[in-house]
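Note that subunit A is present in both complexes that follow, paired respectively with subunit B and with subunit C.
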Partner chain A sequence: MKREIPILLTILCGLAITWSFFSPQPVSQAVNDELLAWGTVFFSVAFLLGIGNLVRISLKQISARHPDWPYKALLLVVLFGYMIIGVAEIHGWFGIPDGQNLRRDWIYERVFQPLQATMFSLLAFYIASAAFRAFRARSLEATLLLTAGALVMIGQVPIPPFFPFAEAIGDYSVRLQGFLMAYVNAAGQKAIIMGAALGTLATGLRIVLGIERSYLSE
Partner chain B sequence: MAKPLDLDRRWIFLAIGLLVVGLYVAGIAAEMPVNTYVQSYYDTIEALPEGSIVMLSADFDPASAAELLPMYQATIHHLLKRNLRVVNVATWPAAPPYTRSEFDDIAPVYEKQYGTDWVELGFKPGDDVAMGQIGQSVTSAYNKDDRNGGPLTDLPLLEEVGDSFQGISLLVTMSAGYPGILEWIAQAGGRYQIPILAGTTAVQTPDLFAYYPSQLSGFLGAATGATMYLQLVGADVPELAEATATNQSRMLIQTGAHFLIIALIVVGNIFYFLGRKEG
Partner chain C sequence: MPPLLPLGASLSEAFATLWWKAGAAALAVQDVGGDAALPLIDRNKISTLWAILFFGVVMFVVQSQAKKGKDIPIRRIAGLDALDEAIGRSTEMGRPVLYVPGIDEIKEIQTIYSMMILRHVARKTAEFGTPLIVPVKDSVVMTFAEEACKQGCMDAGRPDAFIPDNVRYLSNEQFAYCAGVAGIMNREVPAANIMLGMFFAESLILAETGFSTGAIQVAGTAKQHQLPFFVAACDYTIIGEEYFAVTAYLTREPGLLGTIRAADLTKVLAIASLVIGVVLATIYSQDLADGVLDTPFHAFKNLFDPQ
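Let's look at the complex of A and B:
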C-alpha cells in the first residue's frame, strides 16, 4: 500500500489537472481550483521543511566546529530574528498596529536590498576576469559563439558619439544584433522549447500512468 | 618570467572598477533608438481603453532591481497616466515592498485612490501553481488585502474581476527568472488568452524572442529596453525626466564595460594562441 496509494493519487491528480485544461465544465474547474489550493499549501509546508533541514545542517556544523560555523550561527540568528520580528509585528506585540511593518521594512531596505544588489553587481568583475582567462576560441563552434556574443554585446549598447564612425557602427551593430536575436536565437530557442515540451509531456505521461516512479525513490 | 595569462585577476577587477566609476562620474547620456519589442510594449498599453484593468505581477527581487525597477516605475507611470486600473500581485517574496513604495510615490501624482484605481494583493507562494490559481480565480487565490490587511470585499476594483481573468485586459510581469514570464505564458497566456507584456533581465531576454509576437505582445529587455521605454513614456512625464537621464547615462557605462570585456576576450585569446605556438 505504501507504493500503490501514492501512485493512485498521482494518477488521479494528474488526470484531473489535465482534464481541467480541456474542459470548461464547472466540475472540472472546481476540482482544479481545489487541487491548486492544495498545491499552494504543500508549497508553503515545503518552506517549513526547508527551514527544518537548514537548521539541522547548520546546528550540526556549529557543534562540529566546522570552519564555516560562525556563518552558520549568523544564518540562524538572522533567520529566526527576522521571523520573530515579522510575527511580532503581525500580531502587534511591539504595540505596532497591524499592517505597519516598520522594523521588517527597515531591515529589508537597509540590509537585504543593498546586500543582494552588491552580490549581483560582483558578477561584472567575475565575468571580466573570466573573459580574459576562460573564453577561448578553441574550436569553430567556440569561435562562432564568441563572435556572436561580442556582436550582440555591441548591438545592445549605444556607441558613444565621439567614436569614429559612431553612427554607422551603431546602425549596423543594432541590425546585426537584431538579426542574430530574432532569427538565429529565436529559431534555436523554439527548437529547444519544442523539444523540452515534448520531453515534459512524455515524462508527465509516464508519471501519470505510473511508469515513472523515481519520485517514490524507486 | 610570469606569463601574461597568469595576470593577477585583481588588475582586471581594478580596470573594470575604474572604468565604471569614471563613466559614472562623467555622466554622459546617450539616446537609444527604440526597437520593435519596446515599441510593441508601449503600443499595447496605449491601445487599451481608459479604465481597463491590468494585472501587474512583480516577479523580481533586489538583485535585479537595477535592471527592472526603472521599467517597473515607468510602467506604473504609463498605466496610471492612461487611467488604467491596476491589480498588483507578486510571485517573488521580496517584491511587494517595491510595489508598496512605488505606488506610494506615483499614485498621488495622478490622484489615484487605493481600492478603486489600484490594489495590492501581495506575494503568493507556489510558483507555477500559484499562477494557475491566480488565473483560475484571483479572489480565491488571495484571502485578504495585502496593504491594509482587510477583506477583499473592501476593494471595489475586485468586484469587476471574475474567474479566468475575466475583467482583466492585460497581464504585465516584471520578471527576473523563475517563476516569471515563461510560467505566466504557460499558466495564463495560452489558457485564458490574455495578452502578456514582460520586462526582463539581460540573462532572460534571449528566451523571449521565441514567444514574440504570438504569446508575448511586447517586452523590455534589460537596462537597454528600460532606457528605450523610459524615453517613450518619459517624453511627457516630468517625474520620469531624471530616471530617463540616469538610465541613458548608465547605458554608456554598459558600453564601456561591454567593450572592455570584448577587449579582454580578444587579448586573452591572442596570448593563449601565442603561448600554444611557443609550445
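Let's look at the complex of A and C:
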C-alpha cells in the first residue's frame, strides 16, 4: 500500500490536471485551481523544512568548529536577524511603524541586490574564458563553431568608420549574422525543442500512468 | 491554379472535416452538468489530444513487444556512459561527487526527472563508498533529493551510506544558491560535478567554477538556451531529449524503452508533417500570395490549427 496509494494519487492528480488543460469547463478549471492551491500550501510548509535543514547543518558545523564555522554563524545571524526585523515591521514592534518595510527594504536593496548583481556580472568573465576554450580550432566542428561565432560577433558590433569598406562590411556582416541566427541557429534550436517536448510528453505519461516509479520509495 | 497533388482541395478538406468530426463526436460533446456554452474539450487543442493518444497507443504497443522479448536498440549516449566514469574517478581520487539538480521547483518535469537520475547516481556512489553532495535551491526538492539518495543507498544494499547532511538546502535565491554551490566546489573540491536539471543564467558560472577546480563535469538539460554554455565548459553534455532517456538507458526496462520508441515514431510523424507542409506551401505559394484560402495547404494546415 505504501507504493500503491502514491501511484493512485499521482494518476488521479495527473489525469485531473490533463483534463483541465483540454477542457474549458468550469468544473475542470475548479479542480485544477484547487489542486494548485494545495500545491501552494505544501510548498509553503516545505519552506520550513528547508530552513530546518540549513539551521541543523550550520549548528553542527559551528559546534564541531568546522573550518567554515564563522561563515555558518554569520549565516544564522543574518537569517534570523532579517526574519526578526521583518516580523517586527509587520507587527509594529520596537517603534517600527506598521506596514512600513523601511529596514527590510533597505537591507534587501542595499545589500542583497548588489550581491546578486555581483554574482551575475561574473558571467561576463566566464563567457570570455569558456568562449576562449570552445573556439580553439582543434577539429572541424570547433573550427565551424569558431567561424560561426566570429561572424555573429562581427554582425553584432559596429565597424569603425576608418576601416576600409566599413559600410559594406557592416551591411553584409549584419545580413550574414541575421541569416545564421534566423535559419541555422533557429533550426537547431527548434530541433532540440521538439525532441525535448516529446521527451517531456514521454516522461509525463510514464509518471502519470505509473510506468516510471523510481521516484517512489520501495 | 489546379491542384498538383492527387490529394485535391475537396478531398483534403473532407479529410480535415472528418478529422474534426471524429474528434467532436468522441470528445467535444456538450457537458450537460456544466456550462452549456462551453465544449467538453477545447477545439483548439484536439490536435494535441490526437498526438497524445497516438503517442500513448504506440507506447503501449512497443512496450508489450519489448515485454515479449523484442529487442529495442537504443543508441550509445556518451554523456550517460560518462556518469559511471565520473563516479569511478571520484572514488579513485577519494573525493566526493557533487550533484546539482538545477534550480527549478519540483513541478518542473526536468527537476522531477533529475530526482530519478539522482537515485541511480546515489546507488552508484553508495556501491563505491563515495560521498555524494546534493545542494538544492528549493525545500520541496530537498525532501525529494533526500528520499532519492536514501533509496539509492538502499538499492545498493548500503543504507548506512546515506548521509543526511550531504543534501543541503542553500537558498531559494538564484545567485545566492549559485554562490553556495561555487563555494562547495572550491572548498570541498569534488572530483566529479554532475549537473542535471533545469538551469538558467547560473549554468555557466557553475560549469566554469567546476572547470577551474579540475573536476570531470557531466551536464544535461532540455533548456536549449543553456546548452551552449554546458557544451563549452563541461566534458560531457546530455542534450535535450537525451536527458529524458536516462532512466531507460540505464535500466533498459521494457516499459521505459517503449516510451523512447514512441517518442521517436512521433518525431518521424512530426518531421513528415513538416515536409508535407513545406512541399504544399511551396507548390501553392502563388495561391498563398494571391490570398486564395481553399488550397490543400490550408486544408492540411487546418488539421493542426483550426483557426
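By definition in this document, the second predicted complex is superposed on the first by the 190 of 218 C-alpha atoms of A that agree within 3 Å, B and C clash if a C-alpha of one lies under 4 Å from a C-alpha of the other, contacts with A are read in each partner's own complex, and residues count from 1 in each chain.
Definition applied: a residue touches a chain if its C-beta (ideal position, glycine included) is under 8 Å from a C-beta of that chain, and two chains touch if they have at least 3 such contacts.
In this text the structure is predicted, and so the values were computed from the model without any measurement.
Enquirer: Of the two partner chains, subunit B (first) and subunit C (second), which one does A:205 touch, if any: first, second, both, or neither?
Expert: In the superposition, A:205 contacts subunit C only.
Enquirer: Would you check which partner chain A:156 touches, where first means subunit B only, second means subunit C only, and both and neither mean what they say?
Expert: first
Enquirer: Is A:167 touching the first partner subunit B, the second partner subunit C, both, or neither of them?
Expert: neither
Enquirer: Once the structures are superposed on A, label A:136 by its partner contacts, choosing first (subunit B), second (subunit C), both or neither.
Expert: first
Enquirer: Tell me which partner A:54 touches in the superposition: subunit B (first), subunit C (second), both or neither.
Expert: second
Enquirer: Going by the contact rule set out at the top, does A:181 touch subunit B (first), subunit C (second), both, or neither?
Expert: First partner only, subunit B.
Enquirer: Please write out, lowest number first, the residues of subunit A touched by both subunit B and subunit C across the two complexes.
Expert: 21, 39, 43, 47, 112, 116, 119-120, 127, 129, 131, 133, 189, 193
Enquirer: Please output the residues of subunit A touching subunit C within their complex, sorted ascending.
Expert: It is residues 21-27, 39, 42-43, 46-51, 53-54, 56-57, 60, 68, 112, 115-116, 119-120, 122-123, 126-127, 129-131, 133-134, 189, 192-196, 198-207, 211-212, 214-215, 217-218 of subunit A that touch subunit C.
Enquirer: In their complex, what parts of subunit A are in touch with subunit B?
Expert: Subunit A reaches subunit B through residues 21, 29, 32-33, 36-37, 39-40, 43-44, 47, 98-99, 105, 108-109, 112-114, 116-117, 119-121, 124-125, 127-129, 131-133, 135-137, 146, 150, 153-154, 156-161, 170, 174, 178, 181-182, 185-186, 189-190, 193.
Enquirer: Which of the residues in subunit C come into contact with subunit A in the complex?
Expert: 31, 33-35, 38-42, 45, 48-49, 52, 55-56, 59, 63, 105, 107, 109, 112-113, 115-116, 119-120, 138-140, 142-144, 147-148, 150-151, 154-155, 165, 167-170, 172-176, 178-179, 187, 201, 204-205, 207-208, 222, 224, 227, 229, 231-233, 239-241, 243-245, 247, 251, 255-256, 259-260, 262-263, 266-267, 270
Enquirer: Going by the contact rule at the top, pick out the subunit B residues touching subunit A in the complex.
Expert: These residues of subunit B touch subunit A: 5, 7, 9, 12-13, 15-17, 20, 28, 30-33, 35, 61-66, 94, 97, 124-127, 129-130, 132-133, 136-137, 140-141, 147-149, 163, 191, 202, 206-207, 209-210, 212, 222, 224, 251-252, 254-255, 257-262, 264-265, 267-269, 272.
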